[in-house]
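Next up, some structures in structure tokens.
One chain, chain A, appears in both complexes that follow, with chain B as partner in the first and chain C in the second.
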Partner chain A sequence: MRNYYKYLLILPGVLFLTIFMLVPIGMTIISTFFPNEAAADTSNYASLFRDSYFLEILWTTLRVSIVTTIICMVIGFPTAYFIARMSAKMKAVLLILTIFPLLTSPVVRSFSWMVIIGRNGLVNEALMGIGIIQEPLEILYTPTAVIIGLVHLFLPLTIITLVGVMESIESDLLTAAASLGASRVGVFTKVVLPLCVPGLVIGGILVFVGSFTAYTTPALLGGQQRVLSTLLYQNANTLNDWHMASILAAIMIVVTFIVITCMNLLANKLNPRR
Partner chain B sequence: MSLFTLQDVTVAYQKQAILQDFNLSIGEGELVSLLGPSGCGKTTTLRLIAGFLQSKEGKFLFREKDYTKVPVNKRNFGFVFQNYALFPHMTVFDNVAFGLRQRKVSKASIKDRVLRVLDIVSLRGFEERFPAALSGGQKQRVAIARALVIEPDLLLFDEPLSNLDANLRVNMRVEIRRIQQELGITTVYVSHDQEECFSISDKVAIMNKGIIEQLSDPATIYRQPKTKFVADFIGFKNFIQFDRRRQESDGIAATVQGITLTVQQQDNAGGLVGAIRPDDLRLYPLDAAPMTVENAVQGKVLISTYLGRSYQYEVQTSIGQFTVNDDAGAAPLANGQDVVLEIPKKQIVLVD
Partner chain C sequence: MREKHIGLGIFTFLVFVFLLGPLVIISVTSFEQGTVLRFPPESFSLEWYKNIFEVSGFLETFKVSIYLSLAGNLLALLIGIPAAYALNRFDFKGKALLEGIFVSPIIIPGIVLGFTFLRFFITYYQLPIYAGLFIGHTVIMLPFIIRVVSSSLANFDFSIEEAAVSLGASRIGTFFKVVLPNIKSGIIAGVLIAFLESFNNVDISVFMTGPGVSTLPIEMLTYVQNYFDPTIAALSVVLMVITALFMFFVERLLGLSYFTKR
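Now for the complex of A and B:
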């Protein structure tokens, strides 16, 4: 009996999440099946998945999120590996530099990207100035611009997560692998990479979910190109169609859960321990 | 015929030299221990041999080939780590097979060799376990199997038993010695535990501040330490700094502060410091001392401590303070009691 006292410790957190998260989310999802307060109705879902405009937006959102996640991993992994092997002092400095961009709001950062990649922005001016291109590149207000903004937003999180995991790898494991005949590449692919899988998964989930649900960055950098979150906003605030907005929210939640589950399964397959 | 030689090697971290003009030569099939207090350079020496670190100066010759610049993964040495360093994401089988896979050994042959080596370390049946599900002793045996399976030219142990409990440590060291002798692999073994080193080694190198103070078989080190450091390290607690020594017909007459002690003839020359173990000294109450006491020195008991099997006394004499272990059978001596200290001449070793 006495053991049950320890559950009191999580009671505040559980209550908070239940009242302010689980119940509202549950109500939102349930409400999508009852458009007219009558019998359950799934025709709205069915028609939505036949709507090419929605499907195009869903696909764009997924594509942007996946590409962002991959880019963050590809840039973040070597950076984190470099930071993790520094001396304690250097590591602290580099980690602070990594976190620094997080101190400015996404709005500010999105606006600065407008200045950089816009029609008359730094990038186009520079490229035309040295004569590589004749016409300015159309980067701003495309999915590419959204991806650039999101990578900027989520790279610090990726790096911090990966550094944490890499630091926990004992350096003796690497020397052990080398002493058994593994080359540098072998040590990396056979020991470092598999041991980083938990970090890659957590980082991947963070970036994917963050990108999938981001609003500010796609709203400012995406222009006419809608993603799910901006479509949801449009339905709720401009069109006042709260029912459709709820359906979109439900779809986003389900997709997120599917992705997290898949990544966890993948992680268990790549990195068994017990 | 020596298998490998370290020649005038210097290793430094930042500006501090860990090893300076260090020399070591080990013969084929021997088990040599490097023994010393922490910071003496024993682990550095081992890591240098393994190739984990590079020497600033000097050479490492292996079978008369220059190995100084040969990278770790081309050396074919087995290394057993203090913390085992098993790959946590691999099963016991995969851990042991790692080295063979790097060597592109065929699948059938890998299976064969891994199972054979698991037999040697008595871990058959544990192939599918992950390291997290093993006890400390089992982990260490996997680590040994992993180093053995590549049929290394040299086996290196870095304090392999220090994370195990006392009983297991004794069993494992017997095991290590058995495997080493069965396979005849030349082995370098690092430890700070004297008993451990003495019990398994053909030769022991006692290290201090980056140099080898003495390299001999364990019995010689135990009986005939060469330097004061070695003597101190292996349990000679009492030291007498003699002023001068003179060769006599029946031994050596060594003088300190006007008192001359007879010391038995030394096998090696020795210096002016006399070393005696606490167990080898004898104490008598001043009024009950027998007539024939060798090298009698008068003194006073300062402190007595009960050790179970014996009493330990700190005795102050005119030639210094002595630690004496005396049988607990007799009536204990009181603090402050006047005593006669006997320093048997056979038990005095003259060291540098």
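Now for the complex of A and C:
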């Protein structure tokens, strides 16, 4: 009796996600291995990876995601370190200021950058006003604009993840290291940093996967510069090439799962507590 | 030792300028009177706030987004609370796999979910667009409900439940009278978080708009791609106020630790 009861509670959720998520996703991936009956289209994985237009977009997407991840880590780490060492009250204020943009609509956040780096935006107005440049800089609708937008999108996530990790480091550990003669720099590099490595790896996965698959930011700030997600959308909605869109979807899922699996293994391996 | 902190402090300050500056700038430009976004604004007016109501799509899709979030939340609660309860209360075979399935809507890229929903819900299952939007939004809300409710249940002492049952209360009665009141704040916080997740969603909704069917973020996205006036800035301010209120309540219910724990 008890056995049925517990499965009964979980059944609606499992059925719901199976019918409305697992089956659609599974069928979409399977369909990519069969040629499209709608004749005209002959795209498959082999031809796709020889197509220079696709390879260029794939490369741009990877480059943008990697650069975004690195910038988020480099900026986020010291910021999180500073926040984690603040008094409880100050820490709460800074965390609230970090979480607020995280919860704000991505459309709003991308739009704010259009106002700043647009052709007639603040940056250009200011630079031309002082006379540093004569012609407006073309920042909006370039990969650089997408990177700026993505860093703005994912930096809050990076910071709060790292603050969480740093808070879990017992202060006794730092006191012990210091009392045993470690310098301030020594405590940081020999104790704090190694303990943060798993957090950095996990934060890194979140930012990389998020940037690799983000749609709103490249759609608004990238202009004609496509990335995988905007290419998928274009194929699905504008070109009506669902076979191609399915292939792109499958590539995104596979990359996401490979990255997450590898990084999880790596995070476990690098964890000095093990 | 002190000086090092000052350097780091300045660095952190600049990071916050980067994070919040753009939001402050659009808030300020929303009060500009002219048709061009200017900073600092040269005049003050609430004209663009009025314009939010005059652009036909915004009010309409605002309602759609709210209904969608509420309806999706309701279904996600009905499915999610029993699942979260079972996952925390009992041990069974394949538990890790089930937990994996329940968080997978967060891991699978949103744009991929959106496309497969379009392909299957609308074309294959022949659902109307609104039904597709409703189910799609429920899928992405479910993990947030399950996560927040699970963390509330993790703090709940199930021996209280056993005591009620051994004193003769029915299992279902015990759930509603003993368990549910104890995880109430977790449920409310879960609803708020899931609401924002759905209300701000672009990746799924963008595939399921049709003639006369759209959500607020999609309407804004289309507007921004075609026009460039302070209406969107004004609307952004309205959304930021809503976000701030939601955040305030979540903080009250769960504390900031909800956000920092992974």
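Everything that follows uses one rule, which is that the second predicted complex is superposed on the first by the 239 of 274 C-alpha atoms of A that agree within 3 Å, B and C clash if a C-alpha of one lies under 4 Å from a C-alpha of the other, contacts with A are read in each partner's own complex, and residues count from 1 in each chain.
Definition applied: contacts are C-beta pairs under 8 Å (C-beta built on N, C-alpha and C of every residue); 3 or more make two chains touch, one makes a residue touch a chain.
What you are looking at is a predicted structure, and each value in this text was computed from that prediction instead of being measured.
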With both complexes overlaid on chain A, does A:Val254 touch chain B (first), chain C (second), both or neither?
neither
In the superposition, chain B vs chain C on chain A residues touched
C
Identify the partner contact of A:Ala46: answer first if only chain B is touched, second if only chain C is, both if each is, neither if none is.
neither
Mind working out whether A:Ala178 is in touch with chain B, chain C, both or neither, as first, second, both or neither?
first
Based on the superposed arrangement, let me know which partner A:Ile30 touches: chain B (first), chain C (second), both, or neither?
neither
Is A:Val74 contacted by the first partner chain B, the second partner chain C, both or neither?
neither
Should A:Met90 be classified as contacting the first partner (chain B), the second (chain C), both, or neither?
neither
Which parts of chain A are touched by chain B and by chain C alike?
none
What part of chain C is in contact with chain A in the complex they form?
1, 4-5, 8-9, 11-12, 15-16, 18-20, 22-23, 25-26, 29, 36-37, 39, 78-80, 82-83, 85-87, 89-90, 92, 98, 101-102, 104-105, 107-113, 115-121, 124, 135-136, 138-139, 142, 146, 171, 196, 199-200, 202-203, 206-207, 217, 220-221, 224-225, 228, 232-233, 236, 239-240, 243-244, 246-247, 251, 256, 259-262
In the complex, chain B touches chain A at residues 50-52, 71-79, 81, 83, 85, 87-89, 98-99, 102-103, 130, 132-133, 146-147, 150
Using the touch definition from the top, list the residues of chain A that touch chain C in their complex.
5-7, 9-10, 12-14, 16-17, 20-25, 27-28, 75, 78-79, 81-83, 92, 94-109, 111-116, 118, 120, 122, 152, 155-156, 159-161, 163-164, 167, 184, 202, 209, 212-213, 215-216, 219-220, 229, 232-233, 236-237, 242, 245-246, 249, 252-253, 256-257, 260
What residues on chain A touch chain B, complex-wise?
170, 172-173, 175-183, 186, 190-191, 194-195, 271-274
